[in-house]
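Let me begin by presenting the structure, written as structure tokens, before commenting on it.
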Amino acid sequence: MELSYTVAVLIIPVFMFLFLGIVGVKLSKKTAGILGTVAMGVTTIIAYAAALTYFFGTDQGQVIDGVRQQLTVLDLTWLEFTKNLVIKIGVLLDPISAMMLIVISTVSFMVHLYSLGYMDGERGFQRYYAFLSLFTFSMLGLVLATNIFQMYIFWELVGVSSYLLIGFYYTLPAAVSASKKAFIVTRFADLGFLIGILILSFYTDTFDFMSLTTDPQAAISTAGGATFLGCSVMTWALTLIFMGGAGKSAMFPLHIWLPDAMEGPTPVSALIHAATMVVAGVYLVARLFPLYAVDATALDIITVVGAFTAFYAAAVACVQSDIKRVLAFSTISQIAFMITSLGVASPELHHGVGYMASMFHLFTHAMFKALLFLCAGAIIHAVHSNEMSAMGGLRKYMPICHIAFLIGCLAIAGIPPFAGFFSKDEILVAAYANSPLWGVWMSVVAGMTAFYMFRLYYKIFWWNNPDYGHHTPHEAPMTMTFPLIFLGLVSIVAGFIPFGEFVTWNREEYVIHLDWTVAGTSIVIALIGIALATVMYRKENNIPERLADRFRGLWTAAYHRFYMDELYQFITHKIIFARISKPIAWFDRRIIDGTMDLLANVTNSASFAVRRMQSGSVQTYVWFYIVGAVAVAAITIICLI
Amino acid sequence: MLGGLALCKNMKQVRTVATVGASALMVLAIYLVIAFLGERAAGNDAEMLFTQGAMTWFEPLNIELALGVDGISVVMIVLSAFIVFAGVFASWKMDPLPKEFFMWFCLLSTGVFGFFISIDMFTMFMFYEVALIPMYLLIGVWGSGNKMYSAMKLTLMLMGGSAFLMLGILGIYYHSAPEGGQLTMNILEIAQNNAVPHSWQYFLFPMTFVGFGVLGAMFPFHTWSPDGHASAPTAVSMLHAGVLMKLGGYGCFRIAIFLMPFAANELAWIFLTLTGISVVYGAFSACVQTDLKYINAYSSVSHCGMVLFAILMLNTTAMTGAVLQMLSHGLMTALFFALIGMIYGRTHTRDIRKMGGLMQIMPFLGVGYVIAGLASLGLPGLSGFVAEMTIFVGSFQHADMFHRVFTIVACCSIVITAVYILRVVGKLLFGAVQDEHHKTLTDAEWHERLSTVTLILAVAAIGCFPNFFSSIITEAAEPIMKLFA
Amino acid sequence: MFGCGVYGFITRRNMIAILISLELMLNAVDINFAVFNRFLFPGQMEGMFFSLFAIGLAAAETALAIAIVINVYRAARNVDIRQLTKMKF
Amino acid sequence: MESLGSIIAYFIIAIAIIVFSVLAMTSGKILRAATYLLFVLFATAGIYFQIGYEFLGAVQIAVYAGGIMVLFVFSILLTHKPGANAPRLTNHKRWLGLSAALLGAGVCLYSLLSYGSMMMQKMPDNFSIDIHGIGQALLSTDKFGYLLPFEAMGILLLACIIGGVVIARKR
Amino acid sequence: MDYSQFLYMPQELGLLVVFLLVFLFDTFGPKRSQSSLPVLTAVLFGIFTVCNGFMLMRGTAFSGMFESTAATYVMKVILNIGVLIVLIQSIKWANSEEMAIRRGEFYELLLLTVFGMYLMISARHFLLFVIGLETASLPLAALVAFHKKRYESHEAAAKYLFTAVFSSAIFLMGLSFVYGLFGSLYFEDIAYQVMNNTSAMLVVALAFVIAGIGFKLSLVPFHLWTADVYQGAPTPVTSYLSVISKGAAAFAFMVVLVQVFGAAYSKIWEWMLYAIIVLTITLGNLFAIRQRNIKRFLAFSSISQAGYIMLGVIGGNEIGLASLMFYVLVYIFSNLAAFGVAFAIEQQSGKVSIDDYNGLYKTNPWLSFTMMLAMFSLAGIPPFAGFFSKFFIFASALECGEMSIYILVLIALINTIISLYYYLLVVKAMFISPDECGIERFRSSCGERVAMIVCTFGIILTGIVSCIYTFLVEAAQDGTTMFGLLG
């Protein structure tokens, strides 16, 4: 198979990780950064080559009867549980993984490049690149996984690299606790994923994606209608697996780690927490979509969770003051779009367009969200603050950044011809096709998206003109602006990719045709949102204040993200630590250990008690003697007779 | 006879150390390296099931000095070798009475090696006790903190376990052959005869299982572990948590389960419940501890609980997982304890509330600790993941709903593990430096690095190439688990 | 008589009195042997011989015991059994 | 032998033994206790004579009454001021002693009585032993010959003599 | 009259020869060379012990009154080894100022008691047995009183003697019942008749017999004299009492119970023994925990050890006998090592409290090493001999396979943990306790050192060298007459 070189995309980063991790300290910072970037560049080229070969290659067997085949390029046994349950490490190429290859390698390369400038002079620069390589490796491994367990493995690795990168500034307590939180929350979700895998593999006796998805009905039927607590085990398995995805993709209520994760360096946020890792959940569901497709309950759950999260995150995003937080919530909201889209994508409805839409949105979103984050990074780099209040009027100081950011905003708001418009439109189509309720709901959220994005935009680049003092913001260096420009361009044109030809749920071609009623509505809504934002935030004024005062309660609640963090805090500290761990520890010391000590003490005091027998008087001794002898005899007689 | 070799070498070292004294430390270390390298090479070859060379020892009770190894014991021996190796370096600068320390240390390792290579119940039991008793002095003399209490508690509790064990072994011996047959202590023969009456199995199985379970830190017999580990010197903690606790798991399966399959099947649920509790319970307990060693000790309770848990699932995969878990836990706990010892040696405190930001001061140790932590919480690519996944998958293959539900309960521990590991890592290594005095501390020295790196490499080796190990183990576990098919 | 001996042993404070009670006990045994022999197993004279030897034993014991008692008396100027409780517990 | 008279004599002797032994144990004066013991010993010898073991009776009188009693008396004189009374017993001690004594006696009696049917056999008649027979038996190696115990007894006595000497020596 | 029958008892005769030589040397030997008496005795006894190897005469003498089998022979040899060690240990002590005048008597009495023990072991007639028992115990009273200047010594002697006489009275009472039941005192005759006898008298007789011998073994509740006497007696005598005298009693006990009453209805004595063992082990341990005086401590530990020894009796089979012999052998080594150390220290500094041992390792490493070995061996820790002996004794007890015995063994095993606790306390004192040691560094005398070295080797090798045990089992099988009636 000539595509086997794809495996190099895994090998190069992992090698770079080890190399930079072990000998990185000895290298100069510059060398390390350049090495990392170059390696990433090579990886990107290979990834592109692989993806393009896959999509456009004319090799026989790639497309049969209009269906793109899944190609298992490589499959090495890594660990054998039983004869059938084997973890393999391999490379699976199919439309979505090829698409993800492009996304990941592009964004990752951009981030590498960008970081050369952004992270310049930071302590642990080498370490940073090592971790980036690790992340890239894990993420690529995740998307190329041939079986669900390989995916889980890389899933965990992704989690760890995310942990390491969030906690990159390990001397800052906030970063440390954010990284901890991120890891633990996703870990909790992964627990669901793991259990789901266990259940699934127990009934289907395989981990392999191909065998799982080629005949989903068979998989379902092997479960034999087994039920647990009223639901069929398959629903349980799929829901639990989705829980894993929800954790990674920050779906409500497992979203709380993502906003905190912004404590990490901004390029990391762009790479991991906007473009790639957080969509792993979406990817997971998409990967197993044929299974989900036959289980309506699981799909409904996905839809509800997605839709609610989309709304919730958008609402919160409207009032946040930290630009990265706004972007984070926006990310949550956008991913929720994709999830919803998958949820509503029953194959019988509109050719399962939701699936394609979701993937499409994933693709475009990765580009423009990375763009937005990188812009945010540049801005933060310039003003040394995350808070909106420290910004304003930056359009004069940072023109390139301004334009790029604007493109990003337009794209996310869904204004044609920017990328977001096309993908979001498809999602809305899918939603309407499923039920008008979801359609309307998602349209509203789309409007909110436009509003908060432009609120952000105006607040940064317009609003007022604060006093920057002696430190005037300036445009970022070339290494940072180049990725902005590149991604900006991509964001403009990506919408025109005939995505349906490449990625659909059954891997047959599907021609996208815009449904203008839906598209029109969405444009109008987006424009309304933008207009509203323009009115409120273009110039410094007190409308927002007044509004905030009017809806004080709501505003505060939203500002505090509806107290989700506090709730978690309460659960972890008050319940898990104080109500479970502490008592267990106490129980252990006092009761269990106490029992052991008690045994010893009882022995000791018994020894004290019998001491009196040894009175020192011969007569007492003799008394015991005779009584003992007689008692022995008497007891025996009584027992025998 | 690779095991015999290991035994001899150790004996020789004891003598060397005893005669040449403190100056022999160097020789000792070199000896160890050679012995273990050779052993590893030999161990890798010994994939055939049993290499036998039995010699009748006590003829009246038909006790043989039967040695033999299968895949499982081979990996256990490799594990022990690694940890002893690392332990020697970790205790490089043992201060008072180094000679005695290493003598006892060698005796301890002799017991451990002997235990793993024996296939005769008596010798096995003997080596088991040989391995236990040096602990008392090692902790008592070279330990820290409330060492007398801990040492006594540890010894007495473990000996308590071995009391049950001895009864169990004798009971098995007297039922080892069908009516009129030649009674035997040889594990293989007993298993072949499979003559222990069912009614007796009900009595003997709990005896042996609890006997070994005490050492395997099974709830509620685990309380020696936190105190003991907290007080023990570094190398002893390493060897104890790393290898000695594995004796429990190994023994459980080699004697309790292998010889009494019927009762194992019937009574598994009781012990499954206990071990399930200890998995979760240990993890929760670890969450609120403030002493590094206590945290680790409770984490050991949790992990070793997992070993016993998996063994009780009675299928090949889970069994393989259990052995992998022993390996993995052995290595990473040893790593943990080594690092804790090194940190303690510098900061003179183990209270995580009093430390912080050590990553800046001693990056090597910090990185080591993070790696150990990640291994512990099951990061793919390191050993913990492999072991735990094998256990979970294997356990979940059990046909019984009860077992599967318990597997899920046990799975929960991975989250809790993450909680306490990250808590420690966060408090200890990250953040600002808590104590100004700590800023002057140095990073690891060469022997410490050597010790740490050895263990890390081993952990990573298992994590990256698990199939190599798992196939060795599976091969050995399969014939045993056929008893339950 | 045997019972008397036991009683005496336990209640008396004088060591010599205790010896007397021991003699009583031994005597009881002797009688037992002799009588058993005579009444039950007259064929042989084992009981009688046993008594014979037992008398010898008693003599030896008494001699030693008295020597010790006198020794104690020398050391403590007293033959009170309550003196003999220095070592206990 | 099976005459009423001998039975009556037997009972008289038995009662004498019991009475005197109780007296020996309860008497306050140690010398008096020793005297009572002497009576007991004589009475015992009486029993021996009555059941036909003249040799045994003779030994009893010779060794006990002659040897041991003398020892007792000497030791009493050595260690006591004449006329000293034993202090009154504490109640506690008396009960302790009484309980043990009764228990011991009770068990013995019980077992004897449970075995009683055999005891009520008639004493065999025509029984006589001669000194010569005793001498033969003492030096015989056959069954029911006691050469070995005899020798051993000699050694025991030797040991006791040495022991006594050691103890009694001043230094 | 066939006096050649004395030839069946070569060991006894040999012992008497040794005794006579010592006696003559003591009495008529030149005054100046008297101080070589201890060495002479030790040498003579050593030669005798070695010669024992050629003295095995199997057979029955005196019409079944005396029996010599491989088993009895081995028992005697084991005792000899112990006695030899004691003799070597006490060389210096015997030459001390205070002892000089009584030196000869010490050895004479010692040898005579050994003779008594021989009789006990080989006796097959109760009369002989009683005489042996008394010979073995009465002179000991004199030995206990050997410390003229110490009041405790006299007190101990008085206590010992009173209890001993009392117990022999009880024992004789029991024997009189036995006689009343069976009309014979030959073991053989009794064993034939004992089978179908269920009378209460037998039970009482048995109880009294057990009490009588249990006194020597210091089984609970017949043990109370032990601690006081051990404490009061001179240390060599204590070690002799605790080891040799106890070992001999154990052998005799086995013989009496198994051979004579082995076939008793439903093994009445096993149940009695059951209760006594439980009590002995448990109470012995409980007492031992609190002791601070090393000799009292060892006394109680030896009480609980006696309980373990009895486990071999309860097994009542060849393995049991062999294990019992093995146990006693190991016990001799271990306990004598412990006493040897205690004695050396007492000689040197007069200190007898365990607290004084704190930090002993720093000043006297070899002494504390020996002590540690002894403690570990007593506690049954491998690879020392004590482990093997414990294991075998448990194994032999379990052979009958009854559940009740399993429970008994479990109790015993749990008790080993308690015992481990206090043995470790001693180890802790020597090795771990940080205090400055009150005992200075010193060299123990040559004899003590030799004895300790012998014990150390014994502790280490007896277990590992398996042929010893195998040999004992063969010897036990030779004593088939003992078990012939069990079938």
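Order as written gives the chain letters A, B, C, D and E; numbering starts at 1 within each chain.
What we mean here is this: contacts are C-beta pairs under 8 Å (C-beta built on N, C-alpha and C of every residue); 3 or more make two chains touch, one makes a residue touch a chain.
Predicted model only: the values in this text are computed from it and were never measured.
Among the remaining chains, those touching chain B and also chain D are A, E.
Nearest to the overall CA centre, using the mean of each chain's CA atoms, is chain B.
With centres defined by CA atoms alone, the chain at the far end from chain D is A.
Pairwise, the chains sharing the most contacting C-beta pairs are C-D. Of all chains, the one whose Cα centroid sits at the greatest distance from that of chain C is A. We define each chain's centre as the mean of its Cα atoms; on that basis chain A and chain B are separated by 36 Å. If each chain is reduced to the centroid of its CA atoms, chain A and chain C end up 95 Å from each other.
Distance from the chain C centre to the chain D centre is 9 Å, each centre being the mean of its Cα atoms. Computed from the mean C-alpha positions, the centre of chain A lies at a distance of 102 Å from the centre of chain D. Looking at chain D, residues 93, 96-97, 100, 104, 107-108, 144, 146, 149, 153, 156, 160, 163-164, 167 sit in touch with two or more other chains.
Listed for chain E are residues 127, 131, 134, 138, 141-142, 145, 157-159, 162, 166, 173, 177, 180, 200, 203-204, 227-228, 290, 421, each touching two or more other chains. Residue positions 2, 5-6, 9-11, 40, 44, 46, 49, 53, 57, 60-61, 64, 68-69, 71, 84, 86-89 of chain C are each in touch with at least two other chains. Listed in rising order, the residues of chain C touching chain D in the complex are 1-14, 16-17, 19-21, 23-24, 27, 30-31, 34-35, 38-40, 42, 44-46, 48-49, 51-53, 55-64, 66-71, 73, 79.
Chain E meets chain C in the complex at residues 126-127, 130-131, 134, 138, 141-142, 145, 151-152, 154-159, 161-162, 165-166, 168-169, 172-173, 175-177, 179-180, 183-185, 227-228, 231-232, 290, 296.
Per the touch definition, chain D reaches chain E in the complex via residues 107-108, 110-112, 114-115, 139-149, 152-153, 155-156, 158-160, 162-167, 169, 171. Put simply, chain E touches chain D in their complex at residues 1-3, 5, 16, 61-66, 101-102, 105, 108-109, 112-113, 115-116, 119, 125, 127-128, 131-132, 134-135, 138-139, 141-143, 145-146, 148, 157, 173, 177, 180-181, 186, 199-201, 203-205. Residues 619-620, 622-623, 626-627, 630, 633-634 of chain A are the ones touching chain D in the complex.
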